[in-house]
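Chain IDs A, B, C and D follow the sequence of writing; residue 1 opens each chain.
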């Protein structure tokens, strides 16, 4: 393994190293000084983030099991940014007395899952893919059950681990059938021989179900809300943003490369699932009072929108999905950041607690509003552009009615996002949450999210870069 | 030279009401200067379709531009917006609850509207459209009255549903904007040079038209309007009815009809029926309302129906009338809402039955209300007359009998309008004073006078000397009409 | 061609006066305001007389016809290549005649009002409205095209609305003004549609083009036929509907009696002399089109006029409010004019009716204004409108009495007073055209004399009533206009109208047909005698007559229940059965649908919540079923 | 000897195991049993891989490796799952899946 290979795998290797460093520091620190881990880790992760941006061409390792190219690196960088924001936002929470001994656990588990996702993104065959998938899932279950004295957290953990085990089983069964019918687990080989036979369709559907579980598409989404609600808030935001984003990346890669020969068929599936996901997600989100659960369902609906981009099936679709995920990361982290800040300080997570928030915490309210507008796709914030491009790509495939349904769903989603806005700005409350000042890290995290929400849309360069990279892949 | 957008961005930073007043004053002057410059350019013989264009490539891969420019029509609309926003700021001078936020939202709303009118790119247009819609929710929800949350939600959702339709239409147009070379574009001017396949037009036109139509209170998608207007605070009602609803009419002809003329010709009759229902139906509904704002809201439904009606007539005169009607109705209805707000601020009721004889105690507002009423029922000397007459004459010049008959139907609204306007004036202002508390009311304050007088001036100016406006619009309409008339009309019936 | 551009000033001066008084009037002393208003009109009157003199006499080349001259014109609005709305001044015999009528009566009314309105808090407002009205009316008569006419037509309507509702604190005045405006507005809709159709068929608004006998309007003979009449005829009928509304022809007359709620000078000016004859003027203006293009339409005019005149005359006999009696009398007289136009032909001898109509318009303006102003003086003195509250006033108000008597004699058609000449020519024209119409008019002439003298005796004869204070003669500022108008009533008949105002501009030979004149005078006298017998001193005869003709009397007294019919239509049908259901429909069906969509969404949202049961195994079920369903659909479908 | 057993036999077995696993997952109330059912599913996959590899593509080893990795991952998964189940037991005093439904709707 030479230096070039190191560069190629730098995301994964750096993270592994980081996890190890955290572990070692943790072992050597006295219990009282555990919180020093936080700034150190943050700093190191920031380095990792920067290193991730070193330009690097395409390359393959391990005989094609691992591959990389600028687009994939881009995806990883996007995830890194998201994780960095999450880390910033979780500082306050980690500093709490109850978590003192588990700080390093949090980091290590988080980094492990990120490694898993990176491997998954870079996978060149199903074996690597499966490894990455499990690496990305199992630690998250542990994270979900992080606050082990809370029943909800434990419930979230068991629901996640068992459902995901089931879904992995089904996914694996699909892979086994693919292997059986094609004789290979390498993406490149499979792409060439995959056909529209019933067995292979069956295999695809099994595989797709497993993947749908990851990005929580209806009807494979049911775990989402419970897990999101039960898990600690920062883990929830990680799940909803990073896990989902990574899964969306993989799905689009797999769909566009491995199963491209099935496009005619899977588009029908996607159509159906997209409509279901958007609608059901929205319908559930409408009634929620718990902010985490609310955002969970909203993120389900958002996943439905992602499918629109995949349906487009061209460069534009790919670009728009990646772009949307990027925007989505910022928007959702903005929202989750606010929920997290409030929840950490006051322990309140219900929408009713947000009544009159604007009077006491105007900045948080404004950021929350921007984030929600971004999620709803309202200009001038970035979400509008993200959604618009998704719709455009679906329309480019001729799916006008689907676009129509999607925009209607966006309207419904606007309804419940506005409910939160209403709570914060309009509802009167005798005893609104008291004013509080977040610490530096949280504020930095929120600020980055806010800036991202605001400027990503106007800054067309981002879209152009993604587009040019996608163009290379699709050729 | 023209970057209204840039000015508005800097203005967003200003916060106090004074700043927004000054800002909007500057904006108004800008609009006036713009109109002047525009006319100067035209008289200097510049015949380009769009003037003062400003074009930056935004998303090169999708060929999305940030493209601005004005023609006579948008200049006129900007003038309207300038006046209404200016008056709106003064009308809400005494906003007590969260004034800074109020003015910021108001300005964002205005930004959206300005942007919409000067956009030459469908993407930018859509963007500004949505920018204009969303602050409404906040404005109505926070500063409104009555069932404000319900109304705000209804308004926002219905308009967003409209934009759903619209988005489909726009995307469709985009993907068929240049089928041969695969070099797609959002630019209105470029799309107008190609012919979108007729099959697609048939599919996309209803989307686009209804999408804009919802904003223009097209029957049966108008119900957001009465509730929304009734609940909104004064300035918002003014801006909303005065300007925002005009986005619908403007978009309907600039996008729907201009870009898809064949389908427009084919399907016009359906929408003509709907709009003429709007016109008559809105007026009839207004007769029995008891809340001042509802009366005016239904009247807006009726008047805006007339705008869409005229747009669909698709001849130069009627469309010209439609644009004048937009401006005229914008001014009048803004004036109405301003007055209603002022009266409500004094009497604390909007139910006409509870008021009476106000002319005696607040003569200034009373007189202005009468003027507004007379303007609204189309009295010569005010802008409403010019607009309506242009529409009716233009529509009646149609060679098709159906169009002429339906013109008569629409024209009958002028009587109904007179009925409800006079009913209100009679009950509200005239007659004996109902409540002795009213005797203590004070007449308009200076800022209220500024607000109303600026609107009255605009209304009478157009009403007295409409020719320059009409000519300005006509010039810019000519290419549109030319495109429309170049289409082979295939069997209307 | 003489330059008449200065005539532009005639309407503009009142307009500026209106602006001045409207904006600054509240700061002026009332008298100053009145003076400004009056002098504005005074200048207008002088200019009008000068114009009339120049047009008819000094600039006129003897032996040629009177041509119409466009003194001034600007484009106001450009509609299509052919259609533009222009504003301008058209000088021709009828417009010049109307100028004289309007400025004279208006000036008199202005002067009179200074006295009549003394002490009223809205003095300046009153004068500014009067000026506005004068401006609009002058603009109307000077219109060069039908659209300008429509513009001013509307303005006249609104100034009438403002003036009727002048006492805006009085609910009845408010209701009356509303009624007047809405009814005329409804008629105006007809006018507007008529204009639309006319402009569509002819492609022009311009009067000169329209009325040119060789022009496209007349030559086309009206294009397509709809329900037995050409479109041109229909458009003319619709235009006539507009005129009928303004001129209070049956069945659009209901606003006129109520309009008497306005101050009396207003009634004199607007609802007697000027505005209400606008309909006549309109038809006269378009007369060549009617006569040559669509005689069918002209028949409608004639019959509506005839019916209105007898209808109103019958009602007038039974009313007790002196202003309402005069109002119905006005309606009846305008019916005359309409009929006269209706029976007329174009050009030469045929055009007698046209001439007679305008002649009568002129004389009627004088005597009817006089009657109203006189009635105003009476009301001013006794503070009531009811004839039953008056009597024996001749002792207290000698000037008023004399002038009123002159006016009554004039309207009764007794020679040599002016109305004898004009009415006689109308009867002649009717006689030559349609015997039935002639008969109607003949009876109306008798009825007119009867009810006018009934009024006269009721006011000035009979017993004194209980007055709050002794009635006294009006001040000179009020009586002088009476005398001026009385002078006009007496001598206007000697104007050589047949030379001046004819349908084709050429002089017309008239001669009194004694076979018609004598009976008409006789029936007038008969009416006077009957009235004298019945009302000179209080007798029981009127009650007896009323008793014998009980039903007719009751019907006529209730104005044939026209108000009730209208109330039924507006209140019940429009309000209750159209507007309210529409509003209900809007709130419940349309809005309900929109809310229903939201409701269904909410409902679905609740209905499907069981899927999210919190049970891990159910999640598994759904997961597996989802996969299975996908498999079923896609493996076996594709 | 192995040649005498056709591939389909293995496949039938593995499919049966797969569905038994699913059945178990859906019906067993005990969390541990559910976990075991999942292991059944994974093992059915393993059988599939091995069988396919041995019968259809004997010249390569992809299937075998896959199986090994799946086994390893399954072990890790079970470890975490059991840890969480213990946690559940502490909180709920039960390992019955029916009780774990605090969050719903």
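Just so it is clear, contacts are C-beta pairs under 8 Å (C-beta built on N, C-alpha and C of every residue); 3 or more make two chains touch, one makes a residue touch a chain.
All figures in this text were calculated on a predicted structure; none of them were measured in a lab.
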Exercise for the section: Could you let me know which interface, A-C or A-D, is made of more C-beta pairs in contact? Expected result: A-D
Problem - Distance between the centres, which are taken as Cα means, of chain D and chain A, whole angstrom - result: 27
Handout entry: Computed distance of Cα centres, chain C from chain A, in Å
Key = 77
Exercise for the section: Could you please state the distance in Å, as a whole number, between where the Cα atoms of chain B are centred and where those of chain D are centred? Expected result: 65
Problem - chain A and chain B, separation of their C-alpha mean positions in angstrom - result: 42
Practice task
Return the residues of chain C touching two or more other chains; collapse runs of consecutive numbers into ranges.
Solution key: 609, 612, 614, 616, 620
Exercise for the section: Would you give the residues of chain A that are in contact with at least 2 other chains, written as numbers and ranges? Expected result: 158-159, 162, 166, 170, 225-226, 287
Fill in the blank from the handout: chain D touches at least 2 other chains through residues 22, 25, 34, 100-105
Problem - All touching chain pairs, where touch follows the definition stated at the start - result: A-B, A-C, A-D, B-C, C-D
Exercise for the section: Would you pull the chain D residues touching chain A in the complex into a rising list? Expected result: 18, 21-22, 25, 31, 34-35, 38, 41-42, 44-45, 48-49, 52-53, 56-57, 60, 62-63, 65-66, 69-70, 73, 76-77, 80-81, 83-85, 87-88, 90-92, 100-105
Exercise for the section: Show which residues of chain C lie in contact with chain D when the two form their complex. Expected result: 609, 612-617, 620-621, 624
Completion exercise
So, in the complex, the side of chain B touching chain C is made of residues 154, 157-158, 219-220, 222-224, 226-227, 281, 284-285, 287-289, 316-317, 320, 357, 359-360, 374, 377-381, 385-386, 389-390, 392-394, 396-397, 404, 407-408, 411-412, 414-415, 418-419, 422-423, 426, 429-433, 465-467, 470-471, 474
Problem - Of chain A, residues touching chain B in the complex - result: 316, 319, 373, 378-380, 384, 388-389, 391-392, 395-396, 400, 403-404, 407-408, 410-411, 414-415, 418, 421-422, 425-426, 460, 463-464, 467-468
Practice task
Would you mind writing out the residues of chain D in touch with chain C in their complex?
Solution key: 22, 25-27, 34, 97-98, 100-105
